[in-house]
């Protein structure tokens, strides 16, 4: 009789303890704006890698640039019991409801890459967008000898990240008398768009010396247009993101410069900051990631094997 | 030229007037380089729009063409890397035709409204593209076979291969529609489905076949685009369905079906492409470009209503 | 007595057809005025103009002596003119009370006042000496009762002129009597009733006056005592009915096509068989089944089993069908040439993607246009712009081009003017005389009697009887069979 009672007691303790043991595993939620952008794919790889090392579980929700979906996704994650949230908000203000929900549940919500205006944003892990723009512009001015016409193939209208980078770029360009912007169009982050707009820009301005592309896909499309127009080497193209096709483009000479944001490192940093925050460490509001300008000189060091 | 034939020539007149206006605004428009660019830029969407015309002539509607273009391009690129150019092209066109077949069967056998049916496949196929490619370009590492890449760049007798292809398709398919029993069946099915049925036409088969044509042509367009972009892109084909439908309407083909011609749709495509090209050359802001395109589409649809008031 | 509603010198045309040609027509309060005429004479158009459904090209409508311009049926309805169409236009899913008060439901603080609704509906029905369950959905009642609801709706709007379009087409004799009682009651209440009908024998029972229309004109007006059927028919058709010269004028040959389960349905060479039935009796369905447009047919064709699953099979076997609506028989947006070619694609092009013999097509089309006197004689003319008669000739041409041996026709002369009608009858007889067979359904009994060698009476999708010319084929006999009387 006593033996059976002991067995029962042990079983009960184990059963009661099991969820407690299971609860040692931390689950965090991640909400990214797109599934198909190589940048966010790499970011996710970084997050997954670091989370695995820490023994964390990660829940992802898909939003595909749909703000309502992102808000709903975050609310779902909170309901499922995550300990913290990493989010790259589609829009600086439109998804503030997601931040409010996290704050109401007393969970840290850290913005990665894109930022939010919400006062409930715990931290922002980001790149120094304006500075990147300035750096790219300075590099371009250097590469073309200080004078010439520039075409801007900007990112999607309404995206603050791309806007900030572009602002930094145009700020520097405006200060420089020798450079003039002759073409400025928003558009999708796709190769097709880069090709078409670059073709038209080159026709309108045959003496173009530089093309600013909001990301590597656009830059690669533009490089094709430059090649078909027989102007390879005469028009300098800059991109952004530093994804493998872009890096290869730099190596081939199709693209002059890209900016390695190293989204993988970024992802890992995001997880580390969240882990640190959960342990109680203090951080500044803005945690900057170092960006690396990649051109022909240093491309070999960053190309993946 | 009496009133009726004048009304029928409005699309061509619009295109010429638009071209003249842009030529006056910038001397870069009529340069050989630009005109060649316009032809190449229009080539892919022309093939898609011809497929859309088939479906519309038969009385249907297809919103999934853009997604099919992306799927075909990526499948073709992937197959090409493993098994050569011929296999790649066949796979690309084949997968497009398959999407078309599914669309056709859902519309005829399940009786789902074409708008809804192809809206559903538009979303589904796009999802399949992302699943298939892992959201990345195809091939991720390496390049497509050189002859295939050359096709997107080289010329024959001074004209790009990419432009010859839609031209040949236009001639061949126009003949099929105008001169063969099959073509007559398509027009009749779109013009009066029950009357066609009571004249012995297998309307369900005809309707399904128009969707297969549309899917296959979207497949061809996808392969063409993969050649032009030197890769299969999962993001390809965005807004193609709207552009194709706008082109059909601008060209003067009635959206209800039963009347219209392929060459008219081609004129409609050129109106859209020339408009976009002109605005780029003049560096018109993107926002205004969207307003302009939207206005053109509404004006074309309104003109279509007035012209075809039944 | 001064008329309450007058159509003064009204004309209207649709494309090439002159539907109303300087028509003057008047009806007085408390008068029951019958309007008769063949299909295509203009009765429907006159009703549409009086009821505000369409506007005349010229002429005016006078209500109570002053001109009335109706921009929509609602205007006419509000002015007191109500049209009860053949299809009734009641909403089956709504209750009787709601249907009666439809369009002017009484409200209380914005919400529907159901008590007042039911009271008003009850009162309107009482005027017809009828009491129905006010809350039951209208769809649960039979045709006659639904018709009463439609009439009650008109009365609830204080209708002073009631236009009844073929009200007895779907009624049994008993119900027809009831309707006549209702009409007499309304007459005594001062309501003017315009009664459009094909059934000439009813006029003597109910009407005070009768107007005859033909080819868009009012050709005669009669008072009580002048309603002789024979005279009316002569005025309607413009010629004497030749009951002496029978149907096809030929002796029947071998059986081409017959129903395996019912030997009364047998089509013979040089024989014209008629199908007579009320609305909903199944005549159209029977024709469609023979043509493979609907399932369920099992026949013997030239001695072999024939169970067509699709019209293409019937066409291949040499059968053609002229449906009861032009939009079903023709692709209206296409040309005469396109339409004639359509069922005969195989003849002109071997294989789906083969080139077609355009020369041969041109010859055949030109020949048919000439033989059938299709106007305008332009092969590329769009069929929509043709008159009803010419459109029907194009439908016939489709099948003559394919050299069919059996022609199925559903209301062959519906909506066609007298001259074209005569021509089409002649074409049908010539077709049969060449050794072919015709099966046609018609709601115009004198057309049936003049054209058919034998008639099948249909009711509830079943053949009630077969009446051969010369052995008991009369109008009375046919009517009885159609209505189910012995």
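Letters A, B and C name the chains as they come in the text, with residue numbers starting at 1 for each one.
The definition used in the following text is that a residue touches a chain if its C-beta (ideal position, glycine included) is under 8 Å from a C-beta of that chain, and two chains touch if they have at least 3 such contacts.
Computed from a predicted model, the values in this text were never measured in an experiment.
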item	value
Chain occupying the middle, per Cα centroid	B
Most widely separated chain from subunit C, with each centre as the mean of CA atoms	A
Centroid spacing, where centroids are CA-atom means, of subunit A and subunit C in whole angstrom	72
Length of the line joining the C-alpha centres of subunit A and subunit B, rounded to whole Å	34
Geometric centre distance via CA averages, subunit C-subunit B, whole Å	46
In the complex, subunit C residues that touch subunit B	291, 293, 310-312, 314-316, 321, 323, 327-334, 338, 341-343, 345-346, 348-349, 351-356, 358, 398
Footprint of subunit C on subunit B - complex, ascending	176, 179-182, 184-185, 187-188, 191-192, 194-202, 258-259, 310
Subunit A partner contacts - residues on subunit B that touch it in the complex	26, 28, 31, 33-34, 37, 41, 130, 134-137, 140-141, 153, 225, 228-231, 233-236, 238, 277, 280-283, 285-287, 289
Residue numbers on subunit A that touch subunit B, as the complex places them	35-38, 41, 157, 182-192, 195-197, 199-201, 203-204, 221, 224, 228-229, 244-245
